[in-house]
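Order of writing sets the chain letters: A, B, C and D. Residues in each chain are counted from 1.
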Amino acid sequence: MKVSIVGASGYTGGELLRLLLQHPQVEVHQVTSERNAGKPVTRLHPNLRKQTQLAFCTMKELEKADLLFVALPHTEFMKRFDLLAPLAEKIIDLSADFRLKDLSVYRKWYGMEHAQPEKLAEFIYGNVELHRQEMKQARYISGAGCNATAAILGLWPLFKLGVIDTTLPVVAEAKCGSSEGGNSASEGSHHPERSGCVRSYKPTGHRHIAEMEQELGQTIHFSATSIDMVRGILVTAHLFVKEGITEKDIWKTYRELYSKEPFIRIVKEKQGIYRFPEPKILAGTNFCDIGFELEGRRLVVVSAIDNLMKGAAGQAVHAMNVMAGFEETTGLSFAGLHPV
Amino acid sequence: MKVSIVGASGYTGGELLRLLLQHPQVEVHQVTSERNAGKPVTRLHPNLRKQTQLAFCTMKELEKADLLFVALPHTEFMKRFDLLAPLAEKIIDLSADFRLKDLSVYRKWYGMEHAQPEKLAEFIYGNVELHRQEMKQARYISGAGCNATAAILGLWPLFKLGVIDTTLPVVAEAKCGSSEGGNSASEGSHHPERSGCVRSYKPTGHRHIAEMEQELGQTIHFSATSIDMVRGILVTAHLFVKEGITEKDIWKTYRELYSKEPFIRIVKEKQGIYRFPEPKILAGTNFCDIGFELEGRRLVVVSAIDNLMKGAAGQAVHAMNVMAGFEETTGLSFAGLHPV
Amino acid sequence: MKVSIVGASGYTGGELLRLLLQHPQVEVHQVTSERNAGKPVTRLHPNLRKQTQLAFCTMKELEKADLLFVALPHTEFMKRFDLLAPLAEKIIDLSADFRLKDLSVYRKWYGMEHAQPEKLAEFIYGNVELHRQEMKQARYISGAGCNATAAILGLWPLFKLGVIDTTLPVVAEAKCGSSEGGNSASEGSHHPERSGCVRSYKPTGHRHIAEMEQELGQTIHFSATSIDMVRGILVTAHLFVKEGITEKDIWKTYRELYSKEPFIRIVKEKQGIYRFPEPKILAGTNFCDIGFELEGRRLVVVSAIDNLMKGAAGQAVHAMNVMAGFEETTGLSFAGLHPV
Amino acid sequence: MKVSIVGASGYTGGELLRLLLQHPQVEVHQVTSERNAGKPVTRLHPNLRKQTQLAFCTMKELEKADLLFVALPHTEFMKRFDLLAPLAEKIIDLSADFRLKDLSVYRKWYGMEHAQPEKLAEFIYGNVELHRQEMKQARYISGAGCNATAAILGLWPLFKLGVIDTTLPVVAEAKCGSSEGGNSASEGSHHPERSGCVRSYKPTGHRHIAEMEQELGQTIHFSATSIDMVRGILVTAHLFVKEGITEKDIWKTYRELYSKEPFIRIVKEKQGIYRFPEPKILAGTNFCDIGFELEGRRLVVVSAIDNLMKGAAGQAVHAMNVMAGFEETTGLSFAGLHPV
């Protein structure tokens, strides 16, 4: 399969490129970057030295491909949709442009009009676990937000199978790494300021809430805190189960929906250091590890991912595998490092 | 004033010693460590090189003093109460032994009988902001837990002045540093495992909950997550205000109870990197920084402290200053570093 | 090929296991740990969850295999040589037991008699780049030390091709991560002490010097400094070239010996952030990145590796591939992450 | 004493301000920042909340003072010398403008002409330990570079008292934190890139070499490596002593020149975790900790400082104390934190 990456200079684009270069059923045809056109990709992605001779081209130079990955900044893809869409039968977009189904919700959270409102319905939301069947026929997929993915995958079976008392508020808090903010330097990302921080960057109002609520059908009170980590997200969610629900019921709930999922692991052990999910051992992997603790009716759910993998590029490659009918784990088999 | 520290080899004891050595109205008389008796204190506290010639002595060698700080492991002080109490008119204990007023609560959370049940009532809980008047006459003070302090100081005015809808659950989550666990190495504190971690070490059941509920008169759903940080705690609390409560009301609430507090700062700015409290710039200080964000009826409160200072040794010195009638900030004026 | 790992509970053993589980031409038969016999390997290596059902067995339970990897603590293998040797035609040892060719050198650096002196000559030192031909016929290989590997690979071509003025001292300094010390917790590895450290742990006298001097035929003044990193080594070496040697000559020297090496990259760029080698983008990879800067006759050489990969398990799998006639990069193709 | 800070928005200026606000014999009169004029200083220095009501003013608004601290970017002070000099009897400059005595050396390392060549001789180089007597009469002091300070203080007694074999090369390598680069964000200081780095940023050609060579009278082969640390420098220097020199001689050498120095500690212990100097326990202090190890004729010297304190602002306040005849340690008594 011939694929190209539109917007390959950022962290997500680079991660996609790394995965696709080793994917046995894919040939990376072109990768674009307006600012870096002509330069070897290794200038921006030093981990790809000795992996590829590719250089960036401009969007104008793009040729037809079987599938386009689009990893442009938010709003850029929807503005160029008419130019890019004819280039490939299938498109997987990694921006936020086509994640929300409801135009008014888009308007509310993004504060602007959508440039392609009639196309929203054609995009399948990117979490394979929730939308596998639709993806198999889909032409367009919209990658899910990283924080949204961690929260949704941790909570979805619980709402789906009705174990949660939805009359009580659901609170979720993400601990986030710095790569989430992309590769542009800013005052806040300057190392002396960002190092060692525990920064309440979005106590309320994070845009990924819109996705969580869309997929879960439930109000989510979400806060995001930046910590001194580059890759990784840990979402800790606080809920209340219906009366009578036991730990066994929670186990059963997760098993029912996830037991065959290649990238979901339920992590809940009685001893050891890694009793619950931890993002650091997921760096470079496509896993979402999920754990929980029940005390009376209070349920704490913990879910961890690598934001650039399961939260972006890995998820997109997973979706491509589903779309194309490849083995789902192809190109995504890295187990993760320990210690790290 | 002649003071001694019982149990001065740990992190809390070392921090106390550092503060007291520079306190202009205090003379440190003796510091004990059974295992390190005879050794210079700098062997364990290398930051005190060129600050003192003190060596550790054993508890048996303790002489009378005006005030004893006790920084022994939990349960050690209550077992030795009859031996230690005669040595000083005033005692400030930094363990958990005398924090809880209600014996049955102690039993429930600590799973054991209390060795000095009749003495519980004589100890004043260590948050000066809540118990200043009692402290002025007190003989005994029991230092508050570090996570408890961060949560209590962030939430107390809100409950006290009645702005919170207490029919809805209150969730609080702490991001904690590794010094909280003390100076004993373990598998989980081994650097390759602990570095970079985002570890759900107490999703439910943390013992400091008992203190929070005692002081706040409110059920608190508390979780603690360890992150890659040595000093510092950030508590993010999620609450719902009563109908009609505005941001102005929250400001007023905090000002009413805290405007004269020397160690509380309300940190809530519209721009800049440090818009909300952050523990890293509090390292070595006795501040509790508190911020908040209100969105509809949802209130997120963020509070930050240095766990070894405001959460332990600094709080204890503050309490001593109040007890002894010294200027409250004496010996606690370090402003904190930036950047760091 | 049927392989077993003796001593698979440590960091090196775990890393070997991770690599071998994904190696297409290898079947992992048994993995031993005396203390953890019976437990699933995932108890100690949480990154291997969903990768394997293997459990540890004891050494006594070991059956015959085609190749044994031995990752026991130093001295343990030489003491058990007669028990383990009959179990496999080929052995790759990752300890220091068989690295040194000269008995008196072993005695000097390890302060003890060697248990199998007559076997020393049968082990090939583990850097493939230096000993590829010998490895092809070898029965036994002794993995090289991690710091030694970084220093040797950075300097070997320079001495081999005679560009260095060997009448002047050669100084090399390693910046080391904490995983180098293995998985046993100690006072010094306790997170509050080890985090943020820049610790001169071996200003002189590091045992890997013996290996460097054996392989380079040159006195090396080596110091090791621990920094806040889990995986990775950066060696900075300071040398003086012979009169008339230019930057071009240095390039030529490296190219002559390394241009066909699959795991060596010369990293020396004029711009960008990653102009010189950096260990962080090598985590999980088997690369040794080498860079240099020449100023007059002063030459600074910088080399970076992942100590658990190129410095231990990756190197051992590379050696196995050479021994067995497999494609050299098999199972070692991970490109490394960026950002990370 | 009435002092003002010219250029108080940067890290060095902020650190100066923190120290001076608590200095009992100093009143901070004005602090300038062209870009932030009118804003409270706490906007840029969040650690100073509740410490001061000061706001930045412009340079034009500067009034007379007893002493000016100038913390402008390099070249800015020498260009404004004629404007600023009339404002105060005494000036302490923290830039590199007046550090070098020899015009041709300045030209060589800074690649430009000096704007005030005839003033160079009037500035005393800022290491109090080397220039105390001159400072007592001085009008102008030029703060020493941070890496230069660590290297000079570690090596000066050795050269001064002639224990080193100066026919052999002297190599020194600094491990540096990110605050050294100032508070301007760049691609290289972006957290995902700078975090976890071990970056050879100046293998050769660092400008501080000029200062080291001026003060030590000796060629220094210096390299600088950036590591994941905000504050702090560790310099590891590699030298060779004259024949017959013993460990005792080295001890004597340091004692002879440093035994009365309030901010120098010789740190060399036989056991414990902190056997040698470490920058992390120096954060916020004005200490330079120095240690060494001698093996045969090879001597490794290790020196650690906080680059913003002993390497900049602390050193400047120390110099002011000497100039003004205050007790040397005034305002500089912070002991440093442990653990941290």
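As a working rule, contacts are C-beta pairs under 8 Å (C-beta built on N, C-alpha and C of every residue); 3 or more make two chains touch, one makes a residue touch a chain.
A quick note: this is a predicted structure, and the numbers were derived from the prediction, not measured.
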Reference subunit A; chain at largest CA-centroid distance: D
Pair with more cross-chain C-beta pairs in contact, given A-B and B-D: A-B
For subunit A paired with subunit B, centre-to-centre distance based on mean C-alpha positions, whole Å: 38
Distance from subunit D to subunit B - Cα centre to Cα centre, in angstrom: 35
For subunit C, residues that touch 2 or more chains besides their own: 11, 179, 183, 187, 192, 196, 228, 230, 273, 278, 339-340
Touching residues (chain side subunit B, partner subunit D) in the complex: 11, 14, 18, 21-22, 43, 45-51, 179, 183, 230-231, 265, 267, 272-274, 278, 281, 283-285, 287, 289, 333-340
Contacting residues of subunit D [partner subunit C, same complex]: 168-169, 171, 173, 175, 187-188, 192-193, 196-200, 203-205, 221, 223, 225, 227-229, 232, 234, 236, 238, 240, 273, 275-280, 291-293, 295, 298, 300, 302, 304, 339-340
In the complex with subunit B, residue positions of subunit C that touch it: 11, 177-179, 183-187, 189-192, 194-196, 228, 230
